[in-house]
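Letters A, B, C and D name the chains as they come in the text, with residue numbers starting at 1 for each one.
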Amino acid sequence: MNRLNIELPGLNLKNPIMPASGCFGFGREYSQFYDLSKLGAIMIKAATVEPRFGNPTPRVAETSAGMLNAIGLQNPGLEKVVSEELPWLAQYDVPIIANIAGSVEDDYIAVAKEISKAANVRALELNISCPNVKKGGITFGTVPEVAKQLTKKVKEVSEVPVYVKLSPNVTNIVEMAKAVEAGGADGITMINTLIGMRLNLKTGKPILANLTGGLSGPAVKPVAIRMIYEVSQAVSLPIIGMGGVQSAEDVIEFFYAGASAVAVGTANFVDPFVCPNIINELPSALEQLGFEHISECTGRSWKKDGQPAYHRA
Amino acid sequence: MNRLNIELPGLNLKNPIMPASGCFGFGREYSQFYDLSKLGAIMIKAATVEPRFGNPTPRVAETSAGMLNAIGLQNPGLEKVVSEELPWLAQYDVPIIANIAGSVEDDYIAVAKEISKAANVRALELNISCPNVKKGGITFGTVPEVAKQLTKKVKEVSEVPVYVKLSPNVTNIVEMAKAVEAGGADGITMINTLIGMRLNLKTGKPILANLTGGLSGPAVKPVAIRMIYEVSQAVSLPIIGMGGVQSAEDVIEFFYAGASAVAVGTANFVDPFVCPNIINELPSALEQLGFEHISECTGRSWKKDGQPAYHRA
Amino acid sequence: MIKKELSKIISQKEIAADVYELIMEADLVSEINAPGQFVHIRVSNGFDPLLRRPISICSFDKKAKQFTMIYRKDGRGTSLMSDMEPGMYLDVLGPLGNGFPVDEVNAGETALLVGGGIGVPPLYELSNQLIEKGVNVIHILGFQTKSAVFYEKEFTENGMTFITTDDGSYGRKGFVTDVIKELSFDCLYTCGPTPMLRAIEKGNPDKKLFLSLEERMGCGIGACYACVCHSSDASGSSYKKVCSDGPVFRAGEVII
Amino acid sequence: MIKKELSKIISQKEIAADVYELIMEADLVSEINAPGQFVHIRVSNGFDPLLRRPISICSFDKKAKQFTMIYRKDGRGTSLMSDMEPGMYLDVLGPLGNGFPVDEVNAGETALLVGGGIGVPPLYELSNQLIEKGVNVIHILGFQTKSAVFYEKEFTENGMTFITTDDGSYGRKGFVTDVIKELSFDCLYTCGPTPMLRAIEKGNPDKKLFLSLEERMGCGIGACYACVCHSSDASGSSYKKVCSDGPVFRAGEVII
C-alpha cells in the first residue's frame, strides 16, 4: 500500500518529504549519503540572476533548539544553476522546486522565466521572505499588495506552477496568504525563518556578521504550526509546511495543521539521513494512528468530517 | 561594590532582576522559597476590572525549549488585587510593577487609575500584547495609533510611570515602540509571547483548549534579543527585557542588546530559585567580563564609545 | 515546606509494560504529610525537555528517607527518566499539593480505593495508612490490558483487591465502576483518568468521596494558573488550582 | 566516503586545563585520507545543543580502528562531551574535509609545523606521517599560559619542539611568529586562531605554506554555505567552503 504519494500543482510526489531550500544546496553533498530519487522533491538553494557571494562570516549561530543563519542567498547565479546544477540533478527521478529570489521585481521575473524552462523544474518557490537580504526583499514579504503584484508577474512568465514562500515576520499572515492567492499563486510554502539575533558574551557584539539572522529549527515549530493552521483555513491553496521538522511525528503534526507536504531544513545538518529516515518511518507511524494515507491527515486539526483538505467549501 | 542597582522611571531597583508578569502570581507561592525582598521588583499577574476565570484547560503545552500558555488573564479582579494582594506584598521591600489588561480602553483606564494609587505600585505595565484574549486586546498591540492613544489615556490617569509591554507578533516592532513613546510611555517592556500552537498526535486537535497560546522560554530568546536591539536604538525609553532568560549570562546578553533591566518568566517554573540565583551570580559574571556595573552593558551591541545607554543623542 | 532537592535514585525497575517503579532518597520525604501528594521532576538539566513532570508519591519511608514513584513511559520526559540508573540524581520539587484525607474514615469502617491505570500508584500509600489505622480496605484497580497490570500483590497483601481490564485479558473484563456497584463502603478514594472520575462521582452521589485530579501543569505550586478547575459554586470566576488546592478534592468541591 | 556512525568512547582524559583527549573507536577511521581532516559530532540525541561540533582528528590508528581528538571544554557542546565516559557512544560524521598534503615535502627536507592553542591537535598526525616519510620536522606550539600546554612530550619525541606562551609562564614568552623567523624550512603547515594564520601568511610570502582554517559551521559537508571564504581571485563572488574545500588551504588560495 502506498500511503505517501501526493499530487500537488505541478508535482507528482512519491512522498511528501523534501529538503527545504538553502539546507540542501543543489543536492550534490547529500547524494554521498543516499539516492536522491528517494525524496519526494528537492527545493534547491535560492537562485538569483547574478552569482552572489552572500554575507560575510560568521553566518550561523546556534540558539536553544534552533539556529540563526545569515547566508545571504549565496548562489552561483541563474546561468550556472541552469547549465550545471539542474542537469546534474536530472540524473535522479525527483522533481525540483526552484527557489527564486531577487532585489527587484525584474530579478524575480528574469529568473522565473529561465529556470521554469528546465525539464526537471516542476514548480517555482518564490522566496519573498528572506530576512537576510538588505534591499527590496523585505517589502515583498510584508506588504500584501506588493506580494500580490509580484506573484502575478511571475505567474505570467513561469512555465510551471508557482508556490509563494511566506515570511512569519508579519502581523497578519492570513492577509499575506490571501494576497498571493489573489495574485494567482498555485500553492504556499511556509514558514521561512523568524528574524533573530545572538550576542557574543565576551565582546557584546552580534555573533553573525550580518547582525541579525533567520531562526529555524525545532524552536520555531509552534509558530509554523499556528500559521499553517490559520492560513490553511483561509485560502484554497495547498501548503508545503516547514519549520523545525525533525521526525515522522512532526510531519504528521504539520499535516494536521493543514499542510499537504512538508519540507525539512535545519534537521539535515543534524542528521544527513533525516529525510530518508522520515520517509521510511512515515508509513508505520500513519498505520499506528489508523490512517490509510497521509492525505487523510491534512487539516485534521480544524476540519469537520467530510470537509475537503484544502479547498474551501 | 554594588554592581547591580539601577534607576528607572519610578523604579529604584536594588538589582535589575524581576519575575515577569503571569509567571509569579502575586508572589505568595515563591515566598515559600526565598525572601521576596531580594528581588529588584515584581511584575504581578495582569489585573482586570472584573475577576476573570480565563480560558478552559489545558492551558499549557510544552514545545522544544519553550512552552505555550493560554491562561487567558485569569485574575481575582482589581478590587481583590488592591485589597488583598498588594497589601500582602507590602510586607516586602520590593517595588511592584502592576500589569494591567482589558478588552476596551475604559477597562485599562479604570484599572490604571485605581491600582496606581497603591503605595507599593511604583509603575504600571500596560499589557497591550496578550495573545490569549479574543476581544480587543490584539489591536492595541498591533496598530501603532491605537497603542499610542491607549498609552496617552492611561498616562493621564496613572499616578506612577507607565511601561508598555510590546507584542513580538508584528511586522514592525520599532513602529510600535515609537508609537507608545509618542503616547508618553515612560518605558517599554518586551517581549510578550509569540503566538504558537501544538497539536495532539493522537487526536490531531490542538492541545490547548484555547487552540493557540503564547510561546515563551529559551526558544524565543533570539527573537527577543533582536527586537530589543532594534527598539533600543530607535527610542529614548528604557527597556525591561524578557523572553527566555534563564541565567546571569542571558541577563547580560539582554543588557548588551539594549535592556536596562530584565524579567524572568518561564524559568521560574523550571527552577523556583532562578531569580535569586541569577541575582547572586550576576556580580561575579560581570566582574569576569570586566564590568564595574551592569549599566555598562546596556546597548553594548550597538553603542559607540561614550554613547549614552538609552537616550538618543 | 516544599523543598527543591537533587535526589538520588536508589533503584529503578520496569514492573509492567512501560511502567517503572523508581525509588528515590531525599530529605523532602520528611515533609510529606499525606498520601496522594506529588513531586515535580526536572528530567534534564538543560531545556530538553524544559518543564518539570508531575508524578505522584506512591509510598514513602520517613526513616529511610526514601519514596517510591510509579510512572508510565510515555513522552520524552518519562522516556529520559526511564533511562536513568541507580546512583544518578534527579532534581525533585516537593512534596506538592494536598493529598487524601486519612482521617475521614474510622477504624472498623470500610474504604474503597479505586484506581485507573497510572492513577493507581498514590492509592498504595493511602492503603498502607488506612490499614495501619484499622480501616478495612478494598481495592479496585482498572487497567487496559494484562501487560499493564502492576502492584497486584502489594495491594492484595493489604486487603481485598479486584483487578479489571478493559479487554478482559486479566481479572474481570470491564470498568471499575461495574465493581463499585457490587460493594458497600463508607468512603471512596479514587485516582485515574477524568472520564473514570466523572463516572464515579456521578454514580455515587450520596457517598463520602475523594478524587485526585490530573491537569497539565506549569509551576506545580500555584503561581501560573495553568491547572485550574472551576469550583462548584455559582460565580463562574471562582476556581481551584489542581497543583496547590488539590490534586485531591472532595466530590462536589470542583467541577470535573 | 563520509560515514555517520555511533562511535564508542575508548578513553577520555583531561590533559591540560579544560583540554581533553578523547579516543574513539569507529569504522570511519578507514576512510581517513590525510592528517587535518575533521569530524562533526552530535553531542546530544535531543536538540540541546542542536548542531554538531567540528573537531579535528588528532591522530588515528587504522588497524585498531581508533582515532584521537583533543578539544577544549568551552561552551555547552564541549562541556557535555567532557562529561561522557568510556563505553558511551557519540554520533560522529566524518571524516570531513581535505587535510594537509604530506606529499608537498620530501624526505630529507624540513617541515615547520606551527600550532596555536586548540589548533595544535591536527598537527600531531601530520608530524607522525612526515616523520614516517623521513622529513625533518620542527614544531612550534603556542599556548596562552602554562596550564594550557599539552602534548609537549609527544611532539618532542617526533622532533625539535618549541613551546611559546603569551604570558611567558612556560617555554618562550611571545608568539610563534617570533620563533618562525629564526628557523629555516622548506614547507610550513599551520593551524590556529585566524590572527595567527594571517600573521604567518604575511610573514612568509615566499614559502610553501598550508593553513588550516576555522569557521562556524552548519552542515559540515558543503551544503549550507555557512563556512565560506573568498577565493583569492578577482571576481568577488567566487569562494571556497572551509568544510569541504578546506579546512586546509594553500597560502594565497583564499583570503583569510
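Here is the rule we go by: a residue touches a chain if its C-beta (ideal position, glycine included) is under 8 Å from a C-beta of that chain, and two chains touch if they have at least 3 such contacts.
It should be emphasised that the depicted structure is a prediction, and the values quoted were computed from it without experimental measurement.
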Touching chain B and also chain C, the following chains: A, D
Labels of chains that are neighbours to chain B and to chain D: A, C
Of all other chains, the one whose Cα centre sits farthest from chain B: D
Pair joined by more contacting C-beta pairs (A-C or A-D): A-D
For chain A paired with chain C, centre-to-centre distance based on mean C-alpha positions, whole Å: 46
For chain A paired with chain B, centre-to-centre distance based on mean C-alpha positions, whole Å: 34
Chain C-chain D separation of Cα centroids, rounded to whole Å: 55
Chain A-chain D separation of Cα centroids, rounded to whole Å: 36
Numbers and ranges of chain D residues touching at least 2 other chains: 47-48
Multi-partner residues of chain A (each touching 2 or more other chains): 64-66, 217-218
Chain-level touch network, classified as line, ring, star, complete or other: complete
Residues of chain A defined as touching chain B within the complex: 63-66, 68, 142, 169-171, 194-199, 201-202, 204-206, 211-212, 215, 217-223, 225-226, 229, 244, 249, 252-253, 256-257, 289, 297, 300-301
Complex contact set, residues of chain B against chain C: 22-25, 28-30, 32-33, 45, 50-54, 57-62, 64-67, 69, 71, 74, 77, 207, 217-218, 246, 266, 268-273
Interface residues, chain C side, partner chain A - complex: 47-48
Parts of chain D lying in touch with chain A, wherever the complex brings them together: 1-2, 4, 42, 47-52, 93, 215-230, 235-239, 244
Chain D-touching residues of chain C, taken from the complex the two chains share: 44, 46-48, 76
